[in-house]
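Paired with chain B in one complex and with chain C in the other, chain A is shared by the two complexes that follow.
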Partner chain A sequence: MTVRDLIPIAVLILLAALLPLVVTSSPVLNFLVFMLIVALGAQGWNILGGFGGQFSFGHAAFFGTGAYVTAILQTRYGINAWAGLVLATAAGAAVGWVIGFLSFRSGLRGSYFALVTLAFAEVFRILANAASFTGGAAGLLIKLDVRPANLQFDDRAVFYWLVLALVAAVLLLTRWIQRSRFGAQLVAVRENEDAAKALGVNSLKVKLRAIALSGGVTALSGCLYAQYFLYIDANIAYGSWISVELLLAPIIGGVGTVFGPVVGALTLHGLGELAKQFAGRIPGIDLIVFGGVLVLAVAFARGGILGLLERLRDRGRGMVTRGPKEVSHAGR
Partner chain B sequence: MLAVEGVSKRFGGLMAVNNASLSLQPGGIVGLIGPNGAGKTTLFSMISGFVAPSDGRIRFEGTDITGEEPHRRAELGIGRTFQIVQPFAGLTVCENIAVGAYLRHAKRADATAKAREVARRVGLGTELDRPAGGLTVAGRKRLELARALATEPTLLLLDEVLAGLNPSEIRDILPVIRGIRDEGVTILMIEHVMQAVMNLCERVYVLAQGRMIAEGPPAVVCADARVIEAYLGHGAAARLKAEGAAHG
Partner chain C sequence: MYSPQIILEAALNGLMTGAVYALIALGLTLIYGVLHIINFAHGALLTCAMFAVWIAWAWLGMDPYLAILPLVPLMFVLGYGLQRFVIGPASHGDDGNILLVTLGLSIVLENVLLAVFQSDTRTLDTDYSFQVVALGPLLLSYPRLIGLGVAVVVTGLLWLVLNRTDTGKAIRAVAKEKLGANLVGIDVPHVYAVTFGLGCACLAVAAGLLMPTFYVNPRIGGAFVLVAFTVVVLGGMGSLPGALLGGLFIGVVESLCGLFLGDSLGQIGIFLIFIAVLLVRPTGLFGAKA
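And then the complex of A and B:
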């Protein structure tokens, strides 16, 4: 990585870090924190789906694992929330590796892989809903005890900065992936697995690494969700809503790009909130907006918002446009 | 360096390759020819590890590699191109080649430098930043070659790199292939363009209906009655001979 690679990340994060100094209203900060948590989870999805081309429909499996691990460790075993954060991330990576091992070793690709991940998330949801260990259908409540040692803060802005710092860390991780041998091999597997193998790429190993990283990052976001709202149940943690959110954000923002998931999450939730402001009495209006934005993105902005901007820039320079990236992995 | 010993591949009731053997010494270009459907590509896929043989063994530099994964064989030094070109369409030419270069160069700067060097060697030096999906057929063939070369193989399997090229493009790429040989890479090539086979190969193997039917210098093999019959049908050799005698 060069300094030039890092400047855009630094600028974006610094600007975002200044926001709480301007905005102090709780609902707005709540919205920003939630949006960043979604962005973080979406970044996890993007590592596997965007760079690796393995579209998961069940990232709730990782999000929920992160949320439940930290919640259970705190409520049942009295383990510190910060340690819970680390353990939740590790658990997500482990679950990712296992799901990856089972499905990639069997050669599952494309829609088959998507269905298997969906099935895993659903199985986890049903188990978490039934077992008493996870609080069953009543869910788990993390005790309100506002101390920094418990990852609970007086000021919402502090939590916002914490999530932002982690989003920044994952932006750096993603940039590193983009610039590394691992990333090049991962993208090669996405574009053409056989050709990659012929060039000496151990595709199974590369995909397992990607899904473990992806699972870890998404579990981290689930853990932060539990820590911020202090309550989870099976339908929140393992619900298909989060699987959809996590794949929608990168697809809208720009799949396989560093900033795509963050841009997508901001766009989706920004528009969703606006819609709620203007037509708050219609329940589910934000979901209708999500659907509309997805249709627009698929129809007019393949490669997402960032892909669209890149094409407009290229056209402005009169260059030959770089073909939409989707074309190459649409067939798989 | 490479020894294929009595290898067979059965797809259901079809015997695609039947007890075929070949052996390569280091250096030089060896051709693998045969009519369509003879099993040449299947044999290539078995050597590069994409298809597991039903029977027989494959040795590379003395070690048995019959059960090794394709990526392991690439690490050992076997590079291959695909008959149907398989570019990473969303990546640039340079990024495509760098994937191969990363096999022996862990650092991005080193891999990119290697990719640029290989690109220049195969004549893609001016196309480095173009998307691979936008290359012409000839460009894609060169890219296929460049990617395999970037893995720094000692044995290079070329599956019809000349197919689909026009005569002037073939003329341009022949010196590239010779250049690769001169650097000490052993080449085994499947080829239909006979002019190129005659030009490049020191030795050819002929595969027909899954069996190895002839082996030797190209001029000798092309006069072989069994080879003529494999291409032109039963009795063709005798007819040609008779016609030759009548005209002569």
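And then the complex of A and C:
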């Protein structure tokens, strides 16, 4: 990584960090915190799905694990919330590694991988919903005890800064992956797994590292969700809604890019809020917008919003470039 | 403990539920076998069909079984149009894109239904909803028995269409070799859309068979689609007999798991089978080697 790589991240995060000084309304801060939590989880998805090309339809498995681990540790064992945060992240990485080991070793790719992740998330959801250990269908309530030591803050802005700092850390991590040898191997596996293997890339190992990182980051976001709302149940933590959200954001924003998930989460939730403002009390209106945007993005903006911007910039400079993706499609 | 009669009854009930699963999976496996795509919108389309049956009953007073007749062509046209004008053009022929486009479609369909019908659960009642047929000491639900019969007949019809008609021949040709089919003058996008339409028409039948004993709400499709995926994977992606047998099998598994483990854990057996089959033999029991 060079200093030039870091400047855009630093500028973006600094600007975002100034927001709570201007905006003090709590609905807006709530919206921003939720959006950032989704963005963080989506960054996790992007490591595996974007850079590794392995589309997971069940990232709820990691999100929910993060949420449940911290909630169970606090409510049942009285373990400190900060320690819970670390352990939840580790648990997510472990679950990611196990799911990855089972499915990648069997050679599952593409749609098959999507289906198996979906099934894993669903198994977790049913188990968490039925077991008394996880609070069953009633869910788990984390005790309200507002102290920084408990990761609960008086001021919403503090939580906002905390999530923002973690988003920044993952931005750095993603940038590092992009520039590292590991990242290059991951992209090689995405573009052509057989060719990558022929060149000596241990594709199983690379994919396992990616899914463990991905699971850890997404579990971290799940843990923050539990910590912010102080309540989870199986349909929230392991529900398919979160799997879909975590996949939508990078795809809308720009799959396999550093900023894509953040841009996507902001765009989606911004549009969702706008739709709610305009349409009033129609249930599901924001999701109609999400689905429509997804179809439109796939149809007209394959690189997501960032890809679209890049193409506009190139056109502005008078360069007409064809990306490698487009060439390969023309060949079909 | 459970008496053998209860277990046998549960197994038979499962068999009959499984027939409807098979019907749903039939559409999914047909679409997979030809277009090589996983249609995530299948569940939402089933919900649409179920609401259509409910509307026909509630507004027009139409019998749910009778409603199948007009609904089959309607769903065919809907499916044809979706593939021809939305999914096909939007996905640029890339598998990952198709997955995403059908996911997007399912979100839109589901939430449009939610916006229109709210999240209330609706049922319809007919005078045969709770009728039972006595078979020796066993009591079998009459509408479910009809479901089993119709599912078998529809599978047979679909097999005939694929094997005995020119359209069927074209569909099989495209499934085997898209480029070659194109070269001999088969209109591939048309065949794709026809296949998608047929898959949706199966849903119309399934919806008509389900409604007398089941309920509908905008989220109901999700419950069925995962089961249908399991059936399709178990039977071998693209295999019609596989879908029928897989559906029946899954129905029995679900019913027995429900009996032994209770309702909340009943579906877990399905997903464990799903994962196991995917991990051990992703081509399924009847699928050709990938």
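As a working rule, the second predicted complex is superposed on the first by the 321 of 332 C-alpha atoms of A that agree within 3 Å, B and C clash if a C-alpha of one lies under 4 Å from a C-alpha of the other, contacts with A are read in each partner's own complex, and residues count from 1 in each chain.
The rule is short, and it goes like this: contacts are C-beta pairs under 8 Å (C-beta built on N, C-alpha and C of every residue); 3 or more make two chains touch, one makes a residue touch a chain.
These figures come from a predicted structure and were not determined experimentally.
Q: After the superposition on A, what does A:Ser180 contact: first (chain B), second (chain C), both or neither?
A: After superposition on chain A, A:Ser180 lies in contact with chain B alone.
Q: What is the contact status of A:Ala196 with respect to chain B (first) and chain C (second): first, second, both, or neither?
A: In the superposed model, A:Ala196 contacts chain B only, not chain C.
Q: According to the stated criteria, A:Ala165 is in contact with first (chain B), second (chain C), both, or neither; which is it?
A: In the superposition, A:Ala165 contacts neither chain B nor chain C.
Q: In the overlay, answer first, second, both or neither for which of chain B and chain C A:Ala10 touches.
A: neither
Q: Check whether chain B or chain C contacts more residues of chain A in the superposed model.
A: In the superposed model, C touches more residues of chain A.
Q: What is the contact status of A:Leu312 with respect to chain B (first) and chain C (second): first, second, both, or neither?
A: Neither partner.
Q: Looking at chain A, which of its residues have contacts with both chain B and chain C?
A: 329
Q: Please give the residue numbers of chain A that touch chain B in the complex, ascending.
A: 179-181, 184-185, 187-188, 191-192, 194-203, 320, 322-323, 325, 327-329
Q: Hey, which residues of chain A end up touching chain C in the complex?
A: Touch residues, chain A against chain C: 55, 57, 102-103, 106-108, 110-112, 114-116, 118-120, 122-123, 126-127, 129-130, 137, 240, 244, 247, 251, 282-285, 287-288, 290-295, 298-299, 302, 329, 332.
Q: Quick one: in the complex, what on chain C touches chain A?
A: Going through chain C, the ones touching chain A are 37-38, 86, 89-97, 99-101, 103-108, 110-112, 114-115, 118-119, 218, 222, 226, 229-230, 233, 262, 264-265, 267-268, 271-272, 274-275, 278-280, 282.
Q: Quick one: in the complex, what on chain B touches chain A?
A: 48, 50, 69-71, 74-75, 79-80, 82, 86-91, 95, 98-100, 102-103, 106-108, 111, 130-131, 133-134, 147-148, 150-151
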